[in-house]
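First subunit A sits with subunit B, and in the next complex the same chain sits with subunit C.
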Partner chain A sequence: MKRESRTRSVGRAVVRKEGREKVTGAARYVDDVRMRGMLHGRTIRSEIACGELRGVRLEFDRAGFTIADHRDIPGRNVVSLIADDQPCLVEREIRHAEEAVVLLAHEDRERLLAARVELDCRTGTAVFDPLISTRSFKDVRIEKGDVERGFAEADLVVEGEYRTGHQEHAYIEPNGVIAVPENGGVVVFGSMQCPYYVHKALTTLLGLPAAKVRVVQTETGGGFGGKEEYPSMIAGHATILALKAKRPVKIVYDRAEDMAATTKRHPSVVRHRTGVRRDGSLTAQRIEVVLDGGAYTTLSPVVLSRAAIHAGGPYRCDHVLIEGRAMFTNTVPNGAFRGFGAPQTQFAGEVQMERIAEALGMDPVELREINALRPGDSTATGQVMRDDCSALDVLRAGVKRSDFRKKRRDWKGTSRGIGLSLFFHGAGFTGAGEVKLASRAALELTETGVRILTGTTEMGQGQRTTHAQIVADAMGIPYDRVEVAPVDTARVPDSGPTVASRTCMIVGGILMECAREMKAKLGKLSPRAYLQKHGPLVVEKQYRHPEDIVWDDVNYKGDAYGTYGWGCEVAEIEVDPDTYEVRPLKLTAVVEIGKAIHPVLAAGQVEGGAAQGVGYALFEDCAVRDGRVANHTLTNYIIPTSVDTPPIDTVILERPYRHGPFGAKGIGELPLDGAAPAIVNALRHTGRDLRAIPATPERIMEAT
Partner chain B sequence: MKFTLNGKKVDVKAHPMARLLDVLREECGLTGTKEGCGEGECGACTVLVDGKPVVSCLVPFAQVRGAKVRTIEGVQDPLQKAFVTEGGAQCGICTPGMIMASLHLKSDAPPEEVRAALAGNLCRCTGYTAIYRSIRKRR
Partner chain C sequence: MRTAVSPLELLEPRTLPEALRMLRDRRPVTPLAGATDLYVGLNFGTLNGRRFLDLSRLEPLRAIRARGASLSIGALATYTDVIRSPLVRRRLPMLAAAAREVGGVQIQNRGTIGGNVANGSPAGDTLPVFAAAEATVVLRSAAGERRVAFAEFYTGYRKSVMRDDELIVALEVPPVPGKQWFRKVGTRLAQAISKVVIAAVRAPRSRIALGSVGPTVLRVPRTEEALAAGAPIAEARRLLQEEIRPIDDLRSTAAYRRRVAANLIARFWSETS
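Take a look at the complex of A and B:
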C-alpha cells in the first residue's frame, strides 16, 4: 500500500504531455514555421567523391540572391564534434560527393532551384572499400584472458565473416532549420536531437561567445540518430547565409537530398573465430570488427567502441580478443543510428552462435543457455554482472512465449522458419562518457508545481512525459502539476545529447535528485506560498557518477556501462519459393529494461525499434555507386510498410537498476539490435546460409 | 478557385498546377498536412477529397475545383484521442496523414483490412502496432 502511494504515476500510462498537438495538426515542425522576409537556402554539392576544387562558376542572374562560400565563415571552418576535421564548406579538398561547396539563398524557391552553378574540379583516386583503406579513425582492442590458450582448450573452432550494409534513418520529417540574425548573433530553430551540439558547432563556426548563439528545437519528426550530428552542419549553412543576407534563412531538405547527403548507419565486416567445447561452453572468442566510417570522423570512434564492446554478445567466455577499426572511405560520413554499432556486431555474433550450435549438433536455445551471462559472470571488458543481468530470463521467456521449440520441429523442411537472437545493450554513454558530459538538469518552481528545464529533446519517444512522471513521483505531487519547458539553449541547461538510451535513465536520474531537493526546500509550503515568501526557486543538479562504476579507457577494461538492457527476439518468417521474398509472420520481443516508467511508451520503443530492425534485415539496401547513394528516394529505398511489418508481441520484464530512476534502464536502442539476427536465423532454419544483410531476394536465391 | 475546405466554402488564388499540398500549407495556412517525400510514397500529405484519402503532393490544385477537401484541421474524432492514449503517435509527423487514412476504418475492421488500408502511409516510429491499437480503441 505504502509503495503504491509513493509511485502514483510511474508505471502507469498517464496522458502524454506531447500528445494533443500531434493529432490535431497543431504541432509546429520546422517547415511549418514561416518568418517575415525569410529566404530559402540551397546547397551546391561537390558531386565527385575525391578531388580538389579549382573554381566555381555562377551561371545565373544574381539579382535577389545571397551567395556564400567558405570565405564567409567568420570563425573556424569546421563542424565541431569529436575531431574537428569536417569542414562546413569545402575550401579545396573534396573527400566525398555530397560535400557542401556553395550556398545560395533567395526569396523565391523556383528561382533558387533553377540557378546553375558549375564546379571546376580535379578528380582524385577514391577509396570505397573499408578493407582496402589504410586510414583509420580509431582502433579499439579489448583483451581478456589469453585467446590462444582458449583455442587450445577448444574441441571445435568455428569461423565466419558477416557483413551489414548502410541503413538510412528515413525519419519522415527530413532535416531542416531556420536561422535568424538576432542581436549581433543568431538564433536557430530546427529539427534536432542535440541542441547543445548545434550550439557548440555554431559558436566555433562563427567565432562568437556562447551568449550570442541561441538554439531552439522545433517539434522533431523522428531522429533515430540521424539528427544527432547532422543538424550542426545544416544549421551552419543556414546561419552563414542568414548572417550574410541579414534575413532569416530556411533550409529544409527534400527527401532526395536528405537521403543522399546526411549520415547513415556504418556498414560493417565482422570476422569471428570461436573455440567451443563439446559440451557447448565457449572457450575463446576472437573477433575483428571493421566499420566503414566514411569521409570524416563524425562519431565513428564512439560507434566503434560500442560496436566492439557488444561484439562478444551477452555470453561468458574467459578468453576474448576483440579488435576493431573504423576506416576512412570517400563516401558520405556515417554516423549515429539507433543501436550505434551494436546492431552490426550483434548480428554477426548471433548468426555465429547459430552456426556454432549447428556445428555441435546442439539446440540453439541450449547453446545460448549454457553460455548466457549470469550475475557474477564478466563481459569481455571484465565488467562483473549484477542482479539485473537478465539474459537467461529474456531467453526463456522468449522461447516459451513464441512456442519456439514446437514451431522449430513442426516447420522443419517447410518454407516457414523460426529463429531467435539473444542480445544486450549498454545504457547511457560508453565508458567515461557520462563523466565527461557532466550533464545538468533543473527544476523551476511554478505557482502550481514545477517546470522541468532540460536540453533533452522530444522526438517521439515521449521524454516530456517520462521525465514529468519521475519528477511528480519523486516530489509526491500530481503528474499534471509538472510542466516541461520548451528546449531553448537560452533557457535550459545542457543535459547532454538525446542519444544512447540515456534520456530517461541518466537525465531522468538527475531530475529525480532535483525533485528530492526541491521537495526538501518546499518543506510544508505549497509552491505558491513558497514563491510569495522566498521568491523564485530553481534547483539545478549535475550528473554524479556512481562510485561503483569504474572504467579504464586506455585498456578498455571495467564497467563499460552502468547497466544493460536485455533482449530476446523470435522471428517467424515464410519464404516464397518462387520469388525468394520473405514474409515476416510474427516477431516476439522480450526485453528487460529495469522499469517501464510509462508502459505504452516503452512498448512503443520496442515495437518501433523492432520494426526498424525488420527493415534492416530484409529491405533496406543503400545502393552506393561511386560513393553516392543511387536510390535516394522512398520509392526505391524500401522501409517497412504496414503490410511488411509483422505483428509484434512485446513482453517487458523489469529488474530494477540500482542507479536508475525508479529502477529504469535505457530502452530506445535495445530492440533494434535483435531483429536482424533473429530473422536471418529463421532463414537458416529454412536451410539458407546467409551471412549478410539485407537479406534481399537476390541474396536468398544465392543461398538457396 | 472555389472549393470547400473543412466545411467552409473558400476561394483561393493559386496556380492550377500547384500541388494541393503547397496550396493548403502556404496559401491556406493549414500546416497540419505534412510533406515527407513529395513523390506519393509516404502518405504524410494525405487529405480527403470528396471523402476519399488522396496524397496531396501528387494532386494538382485544379483537380479540387468544386470539391470538398478535408484536412486534419477539420477533424474532430475520437480516433485522435485514441492515437494519443494508445501510442499511435510518436514523433507525430506521419500522424495527420495516418489519421486521414484511417478515418473510414471501423474499429472492428479485420487486421488485414487495416493493414492494407494503411499500406500507403509510412510510419518510421511505431512499427504500426500502436496505430492498429488506436484504431481498435476508437470510441
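Take a look at the complex of A and C:
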C-alpha cells in the first residue's frame, strides 16, 4: 500500500501517448500507407445465402490482374479460430451471401472495380431464423439449486420474451490490411485488435512456420470487437494475392463492404420465467438464451458463455437454471462486439425486473435493492462475491444522483419517463480463458527509462497511456520516460487479444510485475548506467493465475471472472406523442471499476459505451433481407449523432480489485450493458410496453 | 460498386448562355451544382451519366432577391444561403426551417435549392415548402424561358416536365398569406433523410404539402378543402390518409407514415390556430 501512496501518474489525466499524432493528423492508418509496386485487392462474394458454387466466369481483360481462389492457398483453407469451420475462400459450399469466392488484384483501382465476375451457383434452402435452426454451435447450461423448488416457493411467476437485433460496430476506420511478401513469407500491416490471432490464422492458411509470418498493427481507428476476428479473414485474402503477385497488396474495405461483409453483434431471443415472493425476493430464475450465430462458429461459443453467465443479472437467487444455445443461420457470421453477449441478456433481465416490480406493485429500485448481490452472496455459477461487489453502491448512487424518485413521481402520466438498469460485467476472459492464454508482456530498458512490449493494441481506448502510467508508477519514474513499442509480432510477445475488458487489468498487471522486477534489477543504477555496465535488459513475465480464482468449465461452476465491474444507468427521455420519436434528455452513469488509472479515459469509456448503448436501444437496426444487410450504409443504418446523444453524467466509484494493477478492474464493455434497458424502462414509465430493441418510432407506435 | 471517375467528362461553362448551349449541343449531359446527390450515386455505382455540366461558376444564379411581391431564389442558392437570407427568413420562414434540417453543415454549404428540386426525390426536404407556397419553377433553355407551376412540375417518381435541354434557374415564390408551419420527421435528429416531411400554410385557404408519403411531393386538396370548410380534425385526418400513398422501405413503414402524417396535420392545426 505504501507504493500506491507514492503514485505519481496513476489517477491523473496525463497526456495520451499518441494524442499529438492523432490530433495533428500525423498518425498513419493503413490506407495512408503506400508501397512501391503495390496492387489493390478486391473480393468477389457469393451473393446467395445458401448453395453450391458450380463455376466462375471472368468477364474482363485479364492484363495486369492477379486472380486467386481457394486453389492458391498453400496451407489449410480455414480462418483459424475456435473451430476451424470457416473457409478463407469458398471451395464448393456457400453458407452466406458475403462469402469470399475469388480475389482480384490490380494496380489501377478503377480497372479492378470494373472487372466483372459471374458466379454459377446452385441455390439451396437457407435458414434465417435461429429459433427454427436445428444446428447449434454451442450449448451452455448453468444450474444452481433446484429451479422447480424455487418456483414452488414463489407467490408470483412472471414470464417474458425479449429480443435484440444485430448491431454494427461502425468504427470510424473500416477493416483494411496490406500484405507484403518477404523472405519466403509475409508481413501484414493492418487495422486490428489482435495481431497474434492474425498471425495464427496466417501460419495455418499458408502452412508456414511462425517465423515466416509477421503481423504489424497500424494505427487503428476503433474496433469495438469488429477487429477481433475479421482481420484474420481480410489478411488471409491480401496475403494470398500478394504471394501470387509477388507484390504488396492492399485491401481496404469501403463502408458499404465493411458493413455488409464483416461481423455484427449476435441477435438474441431471451425468455425469462421468474419466481418471486410478495416481499420482492427472487425464488427462481429460469432463463433461455438463443443467439443467432450466423453461418460459421467464429466466437459464438464464448459469446454465448458470457451471455449466459450474465443472464441472471447482478442478483442473488438460490434456484437458477440458465440454458443457452448459439444457432447456425445462413447469415453473415456474428462475432465479437463490446459487451460480448452481456448487453443482450442484461437487456432482457433488466426489463424483466421492471415487469416483476410492476407485477408486485413495488418500486423498481426497492425490488433491485432487495435482490442485489452483496459481499458473501453468490452468482448463478456459485461465485461468491467479495468486498469489491458494488451492486448496491452503484444503484443507490445512481438513484440519488439522478433524483430518480422525484422524477418518477412527477413525470407519471406525462410524455417524459425515467428508468434505470443495474448491471455487472465480468472483467477479463471467461472462466479458464486467462489460464489458457498464458499471456506475456515485457519491458525493455532504454537509455532514459523503459519501453513497453505488448501484443495488445491501442485502438482508441487508451492502452498505451494506461499501461505507461502503471509502469511509470510501479518503477517510480516519470510517465514520459515510458515508451510504448509498436505492435509487431516479430518484436512483442503474445499478450493475448485486446478484448474482454482485460487489457488494463490483466496485461497491465503483468506489466506491473515486469516493472517491479526491472526496478529491483536496476537497483540504484540509472538506466543509462545499467546499460553501460550490464548491456541490454528485457524483463518478460507471464500471466500468473491467482490461486483463489477457481472455475469448473465442465459444469459451469465457480469463479466465472476474477472480478466484476458494476453499473447503474438512469435514462431520462421524452416521447413525442405525434411522431413516437424518443429524445433522450439525460443519462446518469454510475460505474464501479476498481481504480480509474486515467480518469478522463475512463470517463470516455463510460460515455462512449453509453452512447453506443443509446444507438443499440433506439436507432441501430440492421435490415437483413434474404440473409444480407440491406442498409449497409451510414445513411440508412442509423447511429446516433451528437444531438441524438444526451448529456451523460458520469460517476466513477472505486473499490480496488485485489489482483488488479493499483486495484483496476475492466471498464471497456461495462457501460454498454446498461443503456438499452434503462431507456426501455424509461419508455415503460411512459406507459409503453417494449420488449425488443431497437425501440424505433415504428415499434413505439405499435406499443402506444 | 463505385463508379470509375476517370472516364467521366466535365464541361465547365462560364456563363449561363454557354451552359445552355452545351446543354443543347452536348447531350446527354447531366448538370451538377453542389453534387451532394450525385456523389451518392457515384459511390454506389448507380450514376448513369458520363458527361457532366458544372454550374458552379454561374454566380448570378445564386442570388436570392425580391421581385416585387415575389421572392426569387436562384437555383444555385445553397441551403446555407437560404438559412442566412433575411428575405427568406421574413417571407418564407418554412424554407429556412427546411434548409436547416438538410444533412449537416457541409451538405448545407454545398447543396443547392435548384439541385433539390431537380433531383426530385420524394424525400426532398424543400419540396413540400415550394408546393405549399405555390411556387413557380423558372426553366431556361437556349430557346428561351418557361415557367411551370410547382404543382405541375413533377409527373412521377423522380420525373418532371423539365426537358433535358433545360436548366432550373430559379424558384419564384409569391407572397404567402397566413402562418407557415414545417416539420420533418427523420430517422434521427440530424443528418437524416425524411420519413415524413410536411410544410403547411394556415390561411382561409390552407395549403398542406407532404414528402416521403408518395412517389412525388403531394398536395392534399380534399384535406385542405375539408379544413377550409370547418370540418373536424378527425375528418381531416381520415381524408389525409386517403390522399397519401406511403410505402414500406428501409427507413420506415407505410403504417407509421400514415399515422404520423395524420398526427402532424392535427398538430399543425392546433399549433397555428
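Simple rule for what comes next: the second predicted complex is superposed on the first by the 699 of 704 C-alpha atoms of A that agree within 3 Å, B and C clash if a C-alpha of one lies under 4 Å from a C-alpha of the other, contacts with A are read in each partner's own complex, and residues count from 1 in each chain.
The rule is short, and it goes like this: contacts are C-beta pairs under 8 Å (C-beta built on N, C-alpha and C of every residue); 3 or more make two chains touch, one makes a residue touch a chain.
From a predicted model like this one, the values you see are computed outputs, not experimental measurements.
In the superposition on chain A, contact of A:A26 is made with subunit B only, not with subunit C. In the superposed model, A:D410 makes contact with neither subunit B nor subunit C.
Once chain A of one complex is fitted onto chain A of the other, the partner contacts of A:D254 extend to both subunit B and subunit C. Of the two partner chains placed by superposition, only subunit B is touched by A:Q612; subunit C is not.
Within the superposed three-chain model, A:L601 lies in touch with subunit B and out of touch with subunit C [touch as defined at top]. With both complexes placed on chain A, subunit A has more residues touched by B than by the other of subunit B and subunit C.
Touch criterion met: A:T641 reaches subunit B and subunit C at once.
Look at A:D120: by the touch rule set out above, it reaches neither subunit B nor subunit C.
In the superposition on chain A, A:E110 contacts subunit C only, with no contact to subunit B. The contact surfaces that subunit B and subunit C form on subunit A in the two complexes overlap at residues 254, 633, 635, 640-641, 643. Touching subunit B in their complex are the following residues of subunit A: 13, 15-16, 18-29, 31-32, 169-174, 219-224, 254-255, 459-462, 600-601, 603-604, 607-612, 633-635, 639-643, 645, 647-648, 650. Contact residues of subunit C toward subunit A in the complex are 1-2, 4-6, 40, 43-44, 185, 187-193, 195-196, 250-253, 255-256, 259-260, 263-264, 266-267.
Those residues of subunit B that touch subunit A in the complex are listed here as 25, 30-39, 41-42, 44, 71-73, 75, 80-81, 83-87, 89-96, 99, 111, 114-116, 118-131. The residues of subunit A lying in touch with subunit C in their complex are 110, 113-114, 254, 256, 577-581, 583, 619, 623, 630-631, 633, 635-636, 638, 640-641, 643-644, 697-698, 701.
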